[in-house]
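The following pair of complexes shares a single chain, chain A, combined with chain B in the former and chain C in the latter.
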Partner chain A sequence: MLSFVVRRIIASILTLVVASFIMYVLTANSGNPLQDLLASNAPNAQQLIGQRTERLSLDVPPPLRWFQWAAGAAGCLVPFASCDLGVNLNFTPVTALLPGAVASTVRLVAASTILAILLGVITGIVSALRQYSAFDLGMTFFSFFLYSLPSFLAAVLLKEFIAIDFNNWLSGADSSFGLVPTIVITLVVAFFLQAIVAGSMKNRLITFGVSAAATLGVLLYMDATNWFQSPGLGPVGLLILIAGVAFVAVVLVTGLGNRRALLAAGITGAIAYAAYFALQGLFDISTIWTIAILGLATAVVSFAVGWVLGGNDRSQVIRVAMITGIVSGLLVVADRYLQAWSTYIASPRINNRPIATVGEQTVGLTGDMWVMGLDTFTHFLLPTIALTLISFAGYTRYARAGLLEVLNQDYIRTARAKGLSERTVVMRHAFRNMLIPITTIVAADIGALLGGAIITERVFAISGMGSLFAVSLDRVDLNPIMGYFLVIAVTAILFNFIADLSYALLDPRVRVK
Partner chain B sequence: MTNTNRWRGRALAGVAVAAGAALALAGCTTTPAPSESEGGDATTGGTISIAQTNAATALNSGTPDTNLNTNGMVDYLMGAGTGPGSFMYVDNEFNIVPDETNGTMELISDDPLTVQYTLNPDAVWSDGTEMTTTDLLLSWAIGSGYYDDATFDPATGEVTEGNVYFQLAGSTAGLDTTAFPEIDEEAGTLTLTYGEPYVDWNLVNLINKPAHVFAEAAGFGSVEELATFLEETPEGNPESPAEPNEQLTSLAELWNTGYNITAMPEDEGLLVGAGMWIPKDFQADDGGFISFGLNPEWRGEMTPSFDELIIRFIGDPNAQISALQNGEVDVIEPQPSADTVAAIDGFGGTLIEGAQLSYDHLDLTFNSEVFSDPAVREAFLLTIPRQQILEAIVTPVQEDAEVLNSQQFVSNQPQYADAVAANGYSDFAEPDIERATELLAGATPTVRILYNTENPNRVDAFQLIQASAQQAGFVVEDAGSPDWSSLLGSGDYDASIFGWISPGVGYASLPQIWQTNGGGNYNGYSNAEVDALADESQVTIDDEERLTEIQIEIDRLSREDFYGLPLFQTPGLVATNGTVEGVVYNGGQTGAIWNTWEWTLAGE
Partner chain C sequence: MTTTAPTDDQRAGESQGRLILKRFSRNGIAMVSLALLLLLFVFSVSAIGLGPIPGWWKHDYVTPLPPAEGGRPTLSLIPEWLGGAGIMLGEHPFGQNRIGVDYFAQTMRGVQNSFLVIVLLAGVATVLGTVVGAIAGYYRGWVDAVLMRITDVFIVIPAIVIGAVVGRMTGGLGVQWLAITLGLVAWMGIARLVRAEFLSLREREFVEAARVAGASDMRIIFKHILPNAVGVVIVAASLIAAAAILLETGLSFLGYGIRAPESSLGLLVSQNQSAFATRPWLFWFPAAFIVIPALLINFVGDGLRDAFDPRQRRFSRRRTKEMPQAEALPAVPAEQKS
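Showing the complex of A and B:
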């Protein structure tokens, strides 16, 4: 194991050195960094050319200049050494440019990656379990459609419909759903749900009817209460949702037969529901750290409830309790955010047009953490959707193929043969093994994340790593490009390494040597 | 009680204690509820947001590293070296408009050129500090390079010896011949005497950055101490360079890099300005913004009707349009294209079109073999389909665009019409292949044209010229290159298509392009008459009429010499979504924000 790690580290460093050299020389030869000055009719152009040449050592041939760069950059990888990545054409140190760009990129891609993984894996599992059904084929079509949608087009469509049209609707005189949209939404949701449930015609019809009625009810309720102007889950909505969470958690993890799990889920749900009433006062004066501590407390309390009630299946019951507790806690927090919505959209700086198309924040907006949180949400909503739509497809395919492969293994047949319930077979035997290859894909994807999303960043005016790279390449600004390269190369190598190690940890058949 | 039960009891007690502690801890992290939860600080007068393509990087556009258009807007709004609050600003027709809020400038004598700057007794910076002659002196010290003693390598432009303290985006030309100014603190006057006549004396603006901020940053006890220091420090002499002066170095550090910002600066001193707008908040890079509030000390005649101006940085033109449509910004200034115009029209935005200062032109190389013969030059110019080029490139963006008919003026300038009437460039409106064939008399000269192959407009222009010139018998070879700019003046081509940016105001750049061996004269143009006129222009003081005559005359001479042809001005565009009135197109560097005091919010 140790020799494996050492060998990998040495190989990684060599890769990095060689790749950076190639990158450096190629980029340096991609154009002339003096271009703007050579074409300038400024009286002191010659002097400016001299200054830039001197600062960036442009008179040294690129392969030799790489050694200068490498000497400075080596300091960044060694702890406590001074880190010098050079300066850009405007004499700003690259070390000052990178942190902001990395932070923007992480804010942009983190949520979309998590969403894409969650939605992709869930859709993939359902597709696999309903192989060749209408749902499976429909999702295959849909995910490939999204996959092939260019991101700039997706961005334009999102801006047009979700931002501008939604804002027009919200700020317009008549912001009710209208008859036709209500019927269409109801039918689509009902059709979708019956396709997931599948089974006999009778089952399908029942699902269709129930879900249509529920959706219609929710829509009429939202319409009647002007939900989009002053949204919220309310005590009743929250009660239903928390009960739902507890129920689903128990069904998925242990099955309804496990009384202890049911009890634990019920108690955590009840505590969360009680906390909803108890904490409103504290929420009004909360900061993000208050919420973090409350989150930690929720985890501890749920763990304790599961631990105390666990009995023989302690670990499973703890899991049920924690899932219930944390998801319910998130619902309570979400409800508080929704309560702040009407304040947010009424602000003169928002003026009933909440969904933004560019940037990361509303200029000059001040407010409590809920209002500011909503502001971040409305600004990152569209780019997050755009990125999720694109990467979602890949995960559905991996998850579907992975689960189908696992379900055809002998040990699944054995599990079925000894009479285990379908839930146990799928959730405990198949699902976990399916996750092994996905884990490695996720690790590699996270490594690539910091590369940013050049087009999405540009279209939504977010200055992350992608735009740093694109802008610098355009100006043949070598040092920022190399800074960008260093960050993404190191993370890519690191996460590939983690992926290899985690594979070995998760799958006992694989050993690292 | 069984063992297990006791365990559970303890565990529950532990949990209760932990939960209580967490709650108490959570209580410590709270913040008092804002008394007014409406969100947003109250702006009584309203907010106007304008989008710009480039992000601001500094609160000073005067150094080579910060000389970007958005930084220039910040300077203009803050009245630093340009804009209301300083001595003058430039309007949308490129007139120099004096602003007397803080002071006046006056020409005392032509020979020697002497200019007096007088501060108003109540002239004041935005932080309430009184303006003094030291503020003017510091601006002079920065702009004149008085203390520099560097020698430059003429070939590479690198410093070989000595010091350059204040880095300048422009050059020290003009101010470099001035002696140390005469100062009368009592009267608030500073008088500059130039060693040589300087045509652009009226663009020398000595209200720029506050001296009290520089004094503090460089460790001077007071503004007076700074004044004494500047007076006592000897002029730099490149022949015997001195050791770097520590205090000058720290003053220069603030000028060179101190105003560069990556986040809202904590040092309030950096925000001090003389203009009507003062920075309030800032976020760097694409998607960021810089917002301005009104200068509390502003006493100018022109006062904005709203009290917050936001410049939002949005690089993508389509993103600017959707932000405009969504009401996130009220005014945009994107690079125009046919799609841009159609999209803004599509949602009912207001288009305000105009022409930018940059223009494309075709230059013939005088010292090339083929074009040393004037008849061949004329024949070639007669084949240039200027109208067709315009229709292919500009008309889709700007329907009423016209061919540019002057090498000296752009169509936004009032002198343009006179120049066109006199210079004769309009003779080349349409190609005259017959006449060109006649002039060539059967010869088939080969013409190599240099242009930027990465600029689709230049590629279009080249292809149209190629097709048309071939009809007259020219063999046009493609000498285009993505690295065109380093090839300029190399002599490897016979003609070139590229762009100049007209300065709009000022005449200092005339000899650059037109004089024999001028720095921007890449095509070997040489005409004794033009040389003499260019020389004369540099010493013509306070006589706009004569300067216009000179320019028109150079225009006419260049036409007679078949110098080349101006092609078209780059179209420009400002658009609003109907919430702002009073926006006027400005092709200059300052762009649309030049007249914020005339902007009003619609419906108020």
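Showing the complex of A and C:
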């Protein structure tokens, strides 16, 4: 094991050195870094050219210049050594440019990655369980379509249709749903849900009817209360949602037969619901740290509830309690954000046009944590959707193929043969084994994420890693490009390594050598 | 794995190639996609011609013409008896861009360039990847180690990053050079797949037999092992082909790929995204012609995968009924739940 790790590290360093050399020489030859000065009419252009040439050693041929760069960059990989990645064309140190870009990119890609994994895996599982049903074929077609959809098309379409149309609708005189959209939404939701449930015609019809009625009710309620102007879950809505979360958590993890799990979920949900009323005053003066502490408290309390009520199958009951507690906590926080919505859209900077199409925040907007949080949300909403759509397709296919493969294994047949319920077979025997290959894919994907979404960042004018790269490439600004490369290459190598190790840890059949 | 256990397809004792062809041609979606793809290719090439050969379309993709009807598209697909203007192309079926250039010609030129990029990029990447993977997998040892480390080096640099740098260097040289250079940095996936395939195939008896018979290494690699690994290669090539469209249009969108006055679908979208509200057709036509070929290639690739890998083929209830002892049995547990 130790020799594996050491050999891997040495190989990775060599890879990094050679790749950086290739990248350096290629980039240096992609254009002339003096271009803007050569074309300028400034009286001191000659002097500026000389200054830049001297400061960036442009008179040294690129292969040799790489050694200068590597000498400084080597310090960044060794702990406690001074880190020198050079300066850009304006003589700003690259080490000062990178943190901001990394932060923007993480904010952009983190949510979309989590969403894509969650939605993709869930859809993939449902597709696999309903193999060759209408839902499966529809999802297969949809994911193929997403595979073929370039990210810039998705981004431009979202901007044009979601942002502008939604804003027009919200700021327009009549912001109600109207008859036709209400009917269409109801039918689509109901049709979708009955396709997921599948089974006999009777089951489908019941699902269709119930979900259509529920959707229609929700839509009419939203219409009547002018929901998009002053949204909120409200005490009743929150109660229904928390109860739903507790129910789903119990059904998925243990099944309704388990009294202890049902009780634990009920108690955790009740605590979360009580906290909703108790915390409103505290929320008004909250900072992000208050929320973090509350989140920690939620986790501890749910864990304790599960522990106390656990009995014989403690780990499962703890899992039920924690899922219920944390999701309910998120709902309570989401409700507080929704309460701030009317303040947010009414502020003069927003003026009822909340969904932003460019940038990371509204210039000049002031407000408490909730309003600023909503501002970030509206700015990152569209790029997050665009990125989610693109990576969603891959996870769906992986999850579907993975689950089908696992379901064909002998141990699944054994599990069925000894009379386990379908839920136990799928959730405990199949689902966990399916997660092994997904874990490694996720680890490798996260490693590639920091590269940023060059195209999405361009379309939405977000100054993350991708736009740092694109802007620098336009100017043949070598040092920022190499700084960018160093960050993404090191994370990619690191996470690939983690992916390999996690595979070996999760799957005893695999041994690293 | 084309030499898997016998399946119910092997009743007639046909060759592997024929079986695969048969399985593929039975796949309706894949066949229709392939036909449409070829049709689109012929249509785009014949419309504006190729090189010195003129096409049947009257306008070219660079000359500005006097704008007619505000540059609106004249294409009409609704027949007269349904209240439309009748099925016709008109003077400018896709409209005209801001300076009056015929948009149909520009889009068709973009489609043509897409096909050129697909063929060259996927071709270069496939050949290079196959050769590297085959040599690494066949010789193992230090040859394998060196080649795989080189592969790692190229994998570390993300495709779009190296594509952007390479595209910036060669974008001005013309579409074919852009495509070939991009192919030189897109071969790593195929190399890994082919290597894995070779590592297992080289231990088989038929390789040993060939070696005993005195075949040279090159002969064993290309005549004996490669035909058995061709399934992996073709499926991976189809995936690269679909990715090639997205890479080229993405780079052209960013301004690192194909440049004006040459036409690329990504470039057209990028040039006209700001005119979306006033002249939406300038956006929709190139957008559709990016998505459609990519989608068709993905369907063809999926069909090829099914055809080459009969273990994962589509499950058909009817076939299991006809042949109760068929190999399709493992698929049954997953099927029972639906």
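Here, the second predicted complex is superposed on the first by the 510 of 513 C-alpha atoms of A that agree within 3 Å, B and C clash if a C-alpha of one lies under 4 Å from a C-alpha of the other, contacts with A are read in each partner's own complex, and residues count from 1 in each chain.
Please note the rule applied: a contact is a pair of C-beta atoms (placed from the backbone, for glycine too) under 8 Å apart; a residue touches a chain by one contact, two chains touch by 3 or more.
Everything numeric in this text was worked out from a predicted model, so none of it was measured.
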Touching partner for A:Leu16 - first (chain B), second (chain C), both, neither = second
For A:Gly31, is the partner it touches chain B (first), chain C (second), both, or none of the two (neither)?
-> both
Between chain B (first) and chain C (second), which, if any, makes contact with A:Pro150: first, second, both or neither?
-> second
Touch check for A:Thr95: first (chain B), second (chain C), both, or neither?
-> neither
Scan A:Ser342 for contacts with chain B and chain C and give back first, second, both or neither.
-> neither
When the two structures are overlaid on chain A, which partner does A:Val301 contact: first (chain B), second (chain C), both, or neither?
-> first
Go through the superposed model and pick first if A:Ser230 touches only chain B, second if only chain C, both, or neither.
-> neither
Residues of chain A touched: more by chain B or chain C?
-> B
Report for A:Leu129: first if it touches chain B alone, second if chain C alone, otherwise both or neither.
-> second
Can A:Ala39 be said to touch chain B (first), chain C (second), both, or neither?
-> first
Do chain B and chain C touch any of the same residues on chain A, and if so, which?
-> 31, 156, 160, 458
Within the complex, which stretch of chain A touches chain B?
-> 31-32, 34-36, 38-39, 41-51, 53-54, 59, 90-92, 96, 100-101, 104, 156, 159-160, 163-164, 167, 282, 284-287, 289-290, 293-294, 296-297, 300-301, 304, 307-308, 343-344, 346-351, 353, 355-361, 363-369, 371, 457-463, 467
Taking the complex as given, what residues does chain A use to touch chain C?
-> 11, 14-16, 18-19, 22-23, 26-27, 29-31, 128-133, 144-145, 147-153, 156, 160, 198, 404, 407-408, 412-413, 416, 422, 448, 451, 454-455, 458, 469-470, 473-474, 485, 488-489, 492-493
Once bound in the complex, which stretches of chain C touch chain A?
-> 149, 152-154, 156-158, 160-162, 164-166, 168-169, 242, 245-246, 249-250, 253-256, 266, 269-270, 273, 276-277, 283, 287, 290-291, 294-295, 297-299, 302, 314-315, 330-331, 333-335, 337-338
Counting only contacts in the complex, chain B reaches chain A at residues 8, 11-12, 14-15, 18-19, 22-23, 25-27, 29-34, 37-41, 43, 47, 49, 55, 57, 64-66, 152-154, 156-159, 167-171, 173, 257, 260, 262, 280-281, 283-289, 291, 308, 310, 312-316, 318-320, 322-323, 325-328, 482-486, 488, 498, 500-501, 508-509, 512-513, 519-520
